[in-house]
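Think of it as A, B, C, D and E in the order they're written, each chain with its own count starting at 1.
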Amino acid sequence: MKHCLSLAFVLMVLWLGNSGYYSPLLLSLGALSVVFAVWVSHRMDVIDHESQPLHLSGHILFFYCWLVGKIILSNIDVVKRIWLGNKSISPCVARLPLSQETDMGKVIYANSITLTPGTVSMDIEGTTVLVHALTAENIAELKDGEMNRRVADLEL
Amino acid sequence: MLPELYNYWVVIVLMMIGFYIVIVQGNLIKKLIGLNIFQTSVFIFYISVGKVAGGSAPILAEGVSVYSNPLPHVLILTAIVVGIATMAVALALVVRIKNAYGTVEEEELQERDLRC
Amino acid sequence: MLIACAVAILVVMVMAIVRALLGPTIYDRILAVNLFGTKTVLLIAVIGFLFGRPDFLDIALVYALINFISIVGVLRYFEYNRSEEGGSL
Amino acid sequence: MLANIVNLLSSACLLLGAFLIISGAVGVLRFPDFFTRMHAAGVTETLATTLILLGLMLLAGWSIISFKLLLILLFILITSPVASHALTKAALHGKLWPLVDGKNEQ
Amino acid sequence: MLAGIYGLLSASFFVSMDAVDVAFTEAAVGAGVFPLLMLTALTVTGRFEQTAHRRPRAAFFLVLVTGALMILGTLDMPAFGSPDAPAHTHVAARYIQLSPTEIGIPNMVTSVLADYRAFDTLGEVVVVFTAVVGVLILLTSVDQRQRPSPANAVETMRGHMILRVVSKMLIPLILLFALYVQFHGEYGPGGGFQAGVIFAAAIILYAMLFGLAKAEAAIKPSILRLLAAFGVLLYGGVGVVSFLTGVNYLDYSRLAADPVTGRHIGILGIELGVGITVAAAMILIFYAFAGYAAGRAEAE
């Protein structure tokens, strides 16, 4: 129920933000649409703690701010390597441990890895994630486990 | 004068590519893809006819006085959806042919028909 | 600026097509098509601004979503086929 | 004055984005195998997209248009890593092994 | 195999071609659903070996000649974008001039689609409906003997944790967005056709990730069939109601006291009908193909 309400709220924001027409007719249509969309998604059983991650603490914002910095740095690095050519890269693969408990945490971690250019998460198996990186340094950086720890901190 | 007709030529080139695929490919699915390219070229033809130089999309807005012709847009809009629906029918037919004959190559199909 | 940006995106799209045509493996092609799709989204947004009609953003939104769905679909098709081949072995 | 600064900022964003996007595409063309190309594509999909959309948002000012641009940005940022991950996973399971000239720690 | 990708590309190509139009939305939509259908069909027919081309030389010659003749024909055509081409000088001018006052909605494409040319559109909707009936007849009649309990029909994506979680977030958003497009067709690009396809795309995504069986349990095909018919009936019904108010079929001016409001209501009604039919039709077509593919895989 909690999740349904939060979904409805998100959808409402989406409608109001997109519409730009606030006549009674369209607002009521919007309300109907929100209800209908929530109902259909409820039938499809896609509303749960995974799609509406309410339980994640507010730290997620800080995490994403940190991630943006990371992304910018690694972008510069990858762009440099693109222009330097094939000589400058040394692709490698590594299996890293996942210390997240829930699927959600694992997904956030894997997505963060992928979002950062230079590293791509290839597969999640149990408690490890297979990562492909452009250079060995990228892997070494992930191995420090800072990102891993930060994501694990998110799920309290 | 001549360069102003380039839109038609693009359309014709596309259409002929589609036509060629339909004639030459023996595979029914590929024939359908050729047909789709053909269809797309017709869509592009209509839309380019509807374009008015300096015109904007036909949605009322302030400060815009020249609009493109909405009529072709309407026709093509519906035609695309109908096109998908009919393409689905065609694909369904191909699927059934595959089921009945075990192949979707035109030549093999003809051979089997002749043998019967 | 907008024009420069639009031209850059167009160049990228052409490059994506080149990769799609060259692409030694099927995955390279899908990657290129995905790239093409996301760049289309950007192009639509930029063009909307160029013509002074930002209404087109709805289309870009739709395209962003549809692109994702079709990539998933294509991948599923190849996974499906592979599992079939694997099963027959 | 303020308008000028905003314009300048948005131009800078757009140009930088355009440069990044081209670099990414060059990478896609130049890199030796599928997995490395993936990284290059990642460049265009994260920072470049963000920059271009940010530039447009600055142009649009505080309005519904900005909201829509933000939404597009969010959608792209959510879907693109998923698509990349799904793609690499499919490639990996499709018996496509990455080119490793460093050490393979598997 | 390559062909599927080509379909995707050519659709994208079309999108980039005519960057100025509302048909655009439609193309984007076509770019999504068409390759999906193609691929599901390919799953059934299998990858194919290339047979030798049949007389490509002759075909090429024929194509070349036809193309050359057509190019010759274009020499008399009006120049690209010229405002006084015959296409722009008859009804179109009237639509553009009068639709703002007569219909009172900003999007002229919608006003032409749903009001001036409502008959055409009714025809198109009926065609879509008929196509669905055709597909269902072709593909589900075999199913009775072949179709397995579709429990493990499409399981391949089960292991995709990331895809699953993110799609769960996205699907409701796509659904709402489809409805947004549906109801804002009068103001911006959009309307029943696009909305229907987007809605269907969301359901198709769900079916691909969680399996056909779950999708069919959530959105029942029997209900969809009713809905597809209901959409057409709604469209026709609006026409009949306007008929009863003493004006022509599908002339909405008397649906309310004020003709402009009346037209507004009429357009909303028929757009809803279009949306329902198209969404139901696309989902049904996908179900039919996917179900057939699953049935065949099982039979083998």
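The definition used in the following text is that a contact is a pair of C-beta atoms (placed from the backbone, for glycine too) under 8 Å apart; a residue touches a chain by one contact, two chains touch by 3 or more.
None of the values given here were measured: they were computed from a predicted structure.
Comparing mean CA positions across the assembly, the chain most remote from chain A is B.
Measuring from the average of all protein CA coordinates, the nearest chain centre is that of C. By C-beta contact pairs, the most connected chain pair is B-E.
Spacing of chain A relative to chain B, judged by their CA centroids, is 39 angstrom.
Between the Cα centres of chain D and chain E there is a gap of 30 Å.
Chain A and chain C, compared by their mean Cα positions, are separated by 20 Å.
For the pair chain C and chain D, the distance between C-alpha centroids works out to 12 Å.
The residues of chain D that reach two or more other chains are 24, 26, 38, 68, 71, 79-80, 82, 85-86, 89, 93, listed in rising order. Counting partners per residue, chain B has 56-57, 59, 61 as the residues that reach two or more other chains.
Across the assembly, chain E contributes residues 20, 29, 42, 162-163, 166-167, 169-170, 177, 184, 187-189 that each touch 2 or more other chains.
Across the interface of their complex, chain E is touched by residues 78-79, 82, 85-86, 89 of chain D.
The part of chain D that touches chain A in the complex is made up of residues 20, 23-24, 26-27, 30-33, 35-36, 38-40, 42-43, 46-47, 64, 67-68, 71, 77, 80-82, 84-85, 88-89, 92-93, 98-106.
Interface of chain A with chain E (complex): residues 7, 10-11, 14-15, 18-21, 26, 29-30, 33-34, 36-38, 40-41, 43-48, 50-52, 103-104, 106-107, 110-111, 124. Listed in rising order, the residues of chain E touching chain C in the complex are 1-2, 4-5, 8-9, 12, 15-16, 19-20, 24-25, 28-29, 31-32, 35-36, 39-40, 42-43, 47, 154, 156-157, 163, 167, 170, 174, 177, 181, 184, 188-190, 194, 198, 201-202, 204-205, 208-209, 297. Chain B contributes residues 1, 4-10, 12-13, 15-16, 19-20, 23-27, 29-30, 33, 36-37, 40, 43-44, 47-61, 66-89, 91-96, 98-99, 104-105, 107-108 to its touches with chain E in the complex.
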